[in-house]
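Order as written gives the chain letters A, B, C, D and E; numbering starts at 1 within each chain.
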Amino acid sequence: MDTALIPEGRKRCPLWQFVLFIAVVGAVLLWGVYAMILCWLKGLNQTNMNNAYGFALWIWADLAVIALGGGAFFSGFLKYIIGKDELKNLINYAVIIGFICYSSALLILAIDIGQPLRGWFIFWHANVHSMLTEVAFCLSCYFAVLTIEFIPLILENRQIDKVRFFHNLSHNMHHIMAVFAATGAFLSFFHQGSLGGVAGVLFARPFGFREGVLIWPWTFFLFTWSAAACGPCFTILITKITEKVTRKKLVKDNVIELLAKISGWMLLTYIVAKIIDTWYWAVVTAPEAGFTMMDFYSNNPLYGLWILFLEIVLGGIVPALILITPAGRKNKATLLLATVLAVIGVCVNRWVMVLQVLAVPVMPFESWFMYAPSWQEVATTILPLAYGAILIAIAHRYLPIFPQEPELNPVEQQAG
Amino acid sequence: MKKAQEHTAPKKYGMVIDLDKCTGCGACMAACMAENNVPFREDETDKNLSITWLRVYKLTNGKKFPNADVCYLPRPCMHCEGHHGHSPCVSVCPATATDYSYDTGIVSQIYTRCFGCRYCMAACPYHVRYFNWWDPVWPEGMEKMLSPNVSVRTRGVVEKCSFCFHRYQIAMEKVRYEGRAELAEDEYQTACTQACPANAITFGDLNNHDHAVYKLKTHPDAFRLLERLGTNPKVYYISSREWVRRQGDNYLENEGKVVAKAH
Amino acid sequence: MSTVKAKDDGAGGFIILFFILGFVASMILGWIVFPKLLYSQKEQPFNFDHAIHMDMVGACESCHFFRDDGTFSGIPKLAQCIDCHQDVQGFTKDEEIFVNEYVRNYREVPWLIYSEQPDCVYFSHSAHVLSGGMECKTCHGPIAETETSRPYEYNRITGYSRDIWGKSMLGLKKNPWDRMKMDDCAECHRENGVKQNSAQTHKGACFVCHK
Amino acid sequence: MFPFSFEWIWDMSHMVFHGGLWYALSIIGLGMTYCILKSVVDTVQGKGGDGHH
Amino acid sequence: MNIARRSFLAFLIGGAAGTALSPLPWKLTDDLSIWTQTWPWTPVPPDGEYSYVNSVCTLCPGGCGITVRKVDNRAVKIEGMAGHPVNDGGICILGASGLQLLYGPRRVKAPMRRVGERGEGKWETISWDEAIAAAAEKLEGIRSAGNPQGVACMVGDRYGTVPSLFERFMTAYGSPNFMSDAAIEDSYRITLNLMHGKNAIPGFDAGNADFVVSFGSGVIEGWGSPVRMFLAHGKWKDENKTLVQVEPRLSNTAAKADKWVAVQPGTEAVLALSMAYVIIKENLYDKSFVAENAAAFEDWRDDEGKTYPGFKTFVLNGFSPADASKVTGVDPSLIVSLARSFAGAEKPLALCGRGKGNTPGSLHEFMAVHALNGLVGAINRPGGVWAIDVPDYVTWPKPGLDEAARAGLEKPRVDGADGGAYPYTESIISGFADGVNSGSAGYGVEALLVSGANPLYTLRDAQAVRKAFDSIGFVVSFSSYMDETAAQADLILPNHTYLERRQDVPAPFGLNMPVIGMSRPVVPPQFDTRQVGDSLMGIARKMGGSVGDAFGWESYEACLKETMGAAWETLEKDGILVKADYAPEGWGEAFNTPSKKFQFFTGAYRHGENKDLMSQMKIEGEAADFPLILIPYDSMRLASGPVADTPFMAKTIEEDVLIHDDVYVQVNPATAASLNLREGKVAELTTPVGKARVRVHLSEGIGEGVIALPTGLGHWANSKYIAGKGVNVNRLMSPVADPVSGLDAAWGIRAKLARA
C-alpha cells in the first residue's frame, strides 16, 4: 500500500522511519489537541490572557503564520501574473506551506474566540468597518483558494490520478489556476493588509495607531509588503530544511536564487518604508498623542530599543542586503542566515504589533502590562507546527511536489 | 402604528465626576455590581481578571512622604462618541455586537451577539471592557438577588458599563404610561450616581441646558481622560489639583496643559 | 440518456440512483424528521378559554393590564383570577382543576408563555400599545378568539418557544404574528421609523430592544 | 453578509466591501463549478488517462 | 474503482447535497448559537412586579435609610433612601451589597447544636423548641448551682430594645456580666459625662462646620455615620470649607483633606493641647463662652480649699509648639498657623477617634480635643459638637429579682468595669478575656451569650480571647451568619437578618438630632430563623420563675410596640422618627457638672491628674526588640466590624492591599530599604503577641519607622470570598487599657519586619 502510493521515480525513506517520525510529531500534536479541547470545554480561563491582554500569544502566532504563509500568494503572483515560470518548481511547496499556515491560522482563531459556536457571526452579522471582518472574510476566501490550489496536487497522487474523473479534474483545475491565483493574490493583498490594519486603526492605542490613506493605515500596506517579502524567505527556509531532512536536493539553485533575489528587493524596499513609517510615527504621530518614542521602550522588563534593532536592522536591513547581493544569496550559509533573519524580523514585527500594543500603558496612571502564556497557549501554538510537519511529511512522501526532484535525484532502479 | 412617534431632541447622556468629592469608598462599584448582575469569584485580587464595570483607580502624585498625595478616579465606560459615533470600540467589533446610538449617545454591548474576539478590549484605552473568562456562578440562593432588567452574561463574552440603560427603559415605561414626551433629569440616573454617598457623580444629558452636567462640563477644572486621542468621551472629571488633571492625559515634558474642549 | 450510459459501462444508472437515494433520504431527514426531533411539546396546566373570558370581561387589558409604573403585568397572577374564581364558576374539568389545585392551595398557575422572548430581549408593551397604538393581535395573533389552549412547542436545543422562530422551517410568514424574531421587530421599526439611530447600521440601535 | 441581514446597509463602504467579497466568491465558485462540470463531461466523454496503466 | 464503492460515494454526495438543501445544518448552527445565549446552567432571573420597601440598615451604627427594590418577592437591590435625614439617598459599599448577606452562603439556616469538636464545623440541625430548651436547661443548671454570675453576655449595640432585653435578662438571671461592643462612642460618652455632666452621646453638626480639624478620624473612611460624613465632606468641598487631617498615615481622609498634618502616631493629644496653647497664648479663644459657660479654665479651688491648676496653666506649662514639635514631629510654625486658622474660623470643629472609630481611645485625647472645641465655643451650636441625650425610650419597669439573682448581681464583674478602677465605664469588652483567663473575678465563667457581636474576630489579642472562649463551657450565638464566634459556639439560635426582622434602630452615632429608625421585614424570613428578641424571651420563659416573669410580653413585636408607644405608628409608616425641630439645650440646661458649666478637663477629671500628657499613650512592646510601630488602618471597602466583607466588597479590595491570600503591609521605602525589603516581597511581621506572613508594599504615604496593616481581613470562618485572605490585625495587637476608662486605647503596637 505504502509503496503503491509513493510517486513514481522518487525515493522515499523506509516506512518505519516515516511512521516513527509521524508518531513522535503526532504525540506533540496530541498534546496540542488536548490543550485545544481544554480551551473549548473549559473556556479561555485556561490561558493567561486577561482583560488588559485580550490578544496574546495566539494572535501573534496567527499573524506570524499568515505572514510566513505569504510565500504562497506572492509566488503565485510571480508565477501566474508576472510570469516567472521557473517558480513552478517551487510553487507547489509554497502552496502547501501556505495551506498549512492558513489552516493553522483559522484553527487558532477558532480556539481564540470566547464563543466558538457563534464564530460564524463574523460572517453573518459582519461589520464591514472592522478590520477583523475583513481579515475573516479574506482569510477564509483565500484559504478556499489555497485549498483549490492544493487539490490538484493531491489528485496527482499515483493512485488517485488513476481515477479518470480526478485526473480530469486535476487537469482542468491546473488549466485555470491562474484565475484562482489572481483571485488569491487579490484576497491576500487585502487580508495581509487588514491584519496590519488590526492594530493600525486603533486610534486610542498610540503604539499601534498609524495614519494612512482612506480607511487604510500605513501598517496595512507594510504588512502586505512584509508578508510578500518574508513569506518567500520562509518558503525557501522550509525547502532548505526539507532538503536537509530528506537528504536530497529538491529544487535547483537558480529557482531558489531567483526567489531570494526578488525577496531581497522586496525586503529592502519594505524596510525603507518601515523606517520612514517608524520615523514619522516617532516624530509626529506619537507626540501628538503625548508620547515620546522612548515612552514605548522604557520602564518595563522586556520592551527596549533592542526590539526595534532586532526587527529593523537584524531582521530587515541585514537579510535584505544579503539577498540582493548575488554572492550573498549564492552562498548557502548566508542565504540560510538571511532567510532565518527575515523570518525572525517579520515575526518580531507581528509580535510588536500585537503584544507590545497592549503592553504599553495608555492612561498615565497605569504601568506596563506584562504577560506570559500558559502551557495551554504554548501547546496550542505548537500544535500547528506539529500539524504542519506531519502534513509536509505525508505530502512529500506521497505527492510529486517537487517537479525537479527526479531530475536532481535520479533513481537507478525503479522500485517495484 | 396609529400614533406618531415621539420626536424628541437627540440626547447625549454623560457624566461629570468630581474627583475632589470622590472618597474612593467603592459604594459606586458595589451599587453597579448589584444593579448589573456582575458575577464574582473566590479570588478577585488580580484586577486584570476581575469584572468591575466601574473601576475606581488610585492615582498618586509620586512625591515623597509627607508630600505624597492620592486621588481616586472612578472609571465607568466613557461612552466615547469618537468621530460621529465611531468610538474606538464600536467600529472594530466584527459582529456589530457593540453600537453607538445617536439617540442617547450610549455605547451598547449585546452579549448574545458578541462571540468573544476581544478586539474591542484591545481598542479601548480605558480598559472598560471586561471578558467573562469564567462561567458566572452564584452560590446557591444568591441568584435570588439577580435583577431581571439586565441579562446575565455567559462565559466567553465581553461586557461593560451601559450607563444603566435599563433604568432609562424602566423610566420610559412610566413616561409613556403617563403620556408624557420627555424624561425628567432625575428619572434616569445610573446606579453609581444614585449610590454615591459623596454626591461626586452627576449624570444627565450633556445636550440639555437644564441638566446639571451641561454646566458642570464647562467647569474650568473639568477634563476628560485621554482627550487628545480623539476618543471624545462623555465622562468628564473635575479636580482642583493640577497633578490630577495632568494625569488625565499624556503630555510631553515641555508641553503645557491641553485645555478640555467641551463637545 | 441514462440508459445509453448504462450501456456504456453499466455503472452510471446505479450511481445516479444512489445519488438520488442519498439526496431524498437526507431531504426527508432534514425536512421531516429533524423538525420533529428538534421541537417538543408541553401541554398547558389546563385549558384556558380566551373567548369565553373575552365575553365576560370585554377587553384584553382587563386581565393583561398596565401597572401604574408603566410596566406590563403579563399573564395575570392568581390573586387577580381569584376575584371571580373563588368558587367553581362553571362545570368544565378545567375550571375544576384550576379551583382545586391552584385557587385552594394559593398556587400560581405555571402557564407556558407562547410569546416569551429570550432573556436578552427588552420588550416594552407600553411603547407598542400606548405610544405606538398597536393592537394586541398584531403580535399575538387572534388568541383572544381561541377556546382552547394549543400545546406549547419549544425548541429542545435553545429551550425557546417555537412562536419566536416561527412554525415554518423556511422561516416564512403570512401574518405578522407568525414569527417574533429580531428581524420581524426590526422590519416594523424600520417601516415606522422608530429610533433608527445606530451609528453602525443606521437602523435601530441595539439597546432599543436588547438588554 | 446578505442584503436581508440586519447589518446590511446600501452605502459605499458596504458596497465596496461586499462587492469585493462577492466578486471573489463568484470567481472561486464559478471556477470550481466549471472545473467540476468540465471534468464530469470529460470523464463521460472518455477523455483523460484511462485509469488502467 | 468498483461499482459498489462508486455507488456509495454517489449516495454520500447525494446525501450531502440533500442535507445542504434541508434546514438541518443551518437551523442546527443557528440553534446551537442561540443555545449559547443562555446556557442551561446560566440563571435567568424571573421578571415580576416591581416594588420598593423602605427600611433602615443596621450593618453598622450609621443608621442609614434604605430602599429595597423588589421583583415580586425577591429583593434585588438595596439603595439609599432619598430624603432620609442621615444619608439622603446615598449608601455605603457594605449597605449596597447587603443582599449578599441575606442570600449569602454563610447564613445559619436553622437552630444548630454542635456535634463535633468546637470549631470543627460539625452541627446538627434542631428544632426551635429543642434549641430553646437546650439553652434554658443549661442556663438553669448554672443558676441553680449558685453561679448565675458565671454567665456572661456580649451584644453589639448598646441601645435599643434588643440590647435592653439582654441586659434585662442578665439582671433577672443574676449576672453583672453584660457587655457591649466598645467604640469611640463610649469614649465620647465618658468625655461628655466628665465635661458636660450629661449622659449623652455626641452629635456633630459637621455639615455646617467651616474649619474641621480631625485628629485621625476617618471622616471619609467610616467614622461616625459614614454616609452622613461623606455628605458633609461633599458640602465642605462645595462651600470651600477646610478640612485638616492629623494622622500619621496618608489615609483617604488625609488625601482628601486640604491639609494633611503627618503626626507621630499616638501624639495627637499633644498636638491638640499645643494648638490650645497657641489659642490661649494669643488670646484667640471664644472669650464669652469661656467666661460665661466654662469652668476650670483658670486655676480653681475646690470646696475644701485645695487649689487646682486650670486648663490655661496646664496647657501653658508644657505644650508650647516647640515642645510639642519634639513629640509630634509637626513643625512648630505649622502648629501655630493651624491653631490660628482654627480659632479664626467662624465655625471650627475638632473631631477625634481613629479611623472608623471601631475601638475606643485614650480619654485624654478625647478630652484634649473636646477642650479645643470648648476653647472656640464649638459646643451646642451650629457647626459644633452637641450633647444629645442617650436614647431613653426603653422605659420598662425593673424586673423582679429573686434571691439567686440578687446574690449574683452583687458579684464583681469579670471585665473589671467596676466602680473602683473605672467609675465611668459600664462594660469593658476588651477586658473580658483577661478577666476570664486570670480568674480575677473570683468565679468561673461557665456560659456566654453572644448577639450582634463577633468578639473572636473583633477583639484584640485574639489568642487570649480564644483561650477565654475555650475555657467557657457553653457558648450560645444568636448570629445570623456563621461568623468566627458562631463557628466556635455550642449552640446557635440564628436571628433574622436585618432585612427580615422588625427592630428599632436608635440614634445613629454622631447625628446631631435624636432619631429613631425602624428596620422592618423587607422579605419574609428565608430560613428557619427567629428574631433574637423572641429567642431570648423563649429561653427566659422556658426557665420560668422570676426570669420568665421579667418578660411578660407576648412576643418581641408586642414588646417593641409597647415600648414605642405613641411613636409606633409613625415608625411603621415612615420607618423613622425624627425630632426635626430639635435644638441644643440652652446654656441653663446644657451642663450638669458641679459648676453647671462646661468643665475644662483639669477640672472635670479628678482621677490621676498627674498623668503625664506629654508622653505618648504607651503601646505594647519594647523598641529594642520591635523597632517599628504597627498601626491598623480602616477602609470603607473592608468591613471590619462583626460582619465581614461581602463578595462584592471583596472585589473592590485594592491591588495594593491584597494579592491572592497575602495582605500588603505599607512600609515607607526608606524603612524597607533599611530592612532590605522590596516591593511585593514576602516578609514576616512580628509583634509581641503574634506573627504573620505579609507582603511589602512601598508607600510614600507613611513615615519612616511606621508600618500599617488594614483591618477587616484575616477572617477564617466566613465565606470563601473573604475567608483565608490576609491577616486579622487584631490578632497582632493587644488591648491597652486606658487609665481612666479602662477601655482599649491601643492605637498600634510595636513590631518588627523581616524577610521571610
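The rule is short, and it goes like this: a residue touches a chain if its C-beta (ideal position, glycine included) is under 8 Å from a C-beta of that chain, and two chains touch if they have at least 3 such contacts.
None of these values were measured; they are calculated from a predicted model.
Listed by label, the chains touching subunit A and subunit C alike are B, D, E.
Looking at subunit B and subunit D, the chains that touch each of them are A, C. Graph distance from subunit B to subunit C, where chains that touch are one step apart, equals 1. Comparing the CA-atom centres of all chains against that of subunit B, the greatest distance is found for D.
When the interfaces A-E and B-E are ranked by how many C-beta pairs touch across them, B-E comes first. Centrality annotation: B (chain centre taken as mean Cα position, compared with the mean over all protein Cα atoms). Using the average of C-alpha coordinates as each chain's centre, E ends up farthest from subunit C. Subunit C and subunit D, compared by their mean Cα positions, are separated by 39 Å. A separation of 55 Å divides the Cα centre of subunit C from that of subunit E. If you average the CA atoms of subunit A and of subunit D, the two centres end up 26 Å from each other. Shown for subunit E are the residues that touch two or more other chains, namely 32, 35-38, 44, 47, 50. Multi-chain contact residues, meaning those touching two or more other chains, occur in subunit B at positions 46, 50, 60, 86, 91, 96-97, 112-113, 135, 151-152, 154-156, 170. In subunit C, the residues that touch at least two other chains are 69, 71, 118-120, 200-201. Considering their complex, residues 18, 20-21, 23-27, 29-31, 33-35, 37-38, 40, 42-47, 50, 52, 56, 58, 60, 62-72, 112, 135-136, 138-148, 151-152, 154-156, 170, 191, 194-200 of subunit B touch subunit E. Here subunit E touches subunit B in the complex through residues 36-39, 41-48, 50, 71, 74-80, 87, 89-97, 99-100, 102-105, 107, 220-221, 226-227, 230-231, 233-234, 237, 250, 252, 255-256, 260, 262, 526, 636-637, 646-656, 658-660, 668, 699-704, 719-721, 725, going by the rule given at the top. Residues 66, 68-71, 118-120, 122, 124, 126-127, 130-134, 192-195, 197-201, 205-208, 210-211 of subunit C are the ones touching subunit B in the complex.
Residue ranges on subunit C touching subunit D, taken from their complex, read 5, 182-183, 186, 200-203.
Only residues 43-45, 49-55, 112-116, 118-119, 121-122, 125-127, 129-133, 136, 198-199, 201-206, 287-292, 295, 357-358, 362-365, 369 of subunit A touch subunit B when the two sit together in their complex.
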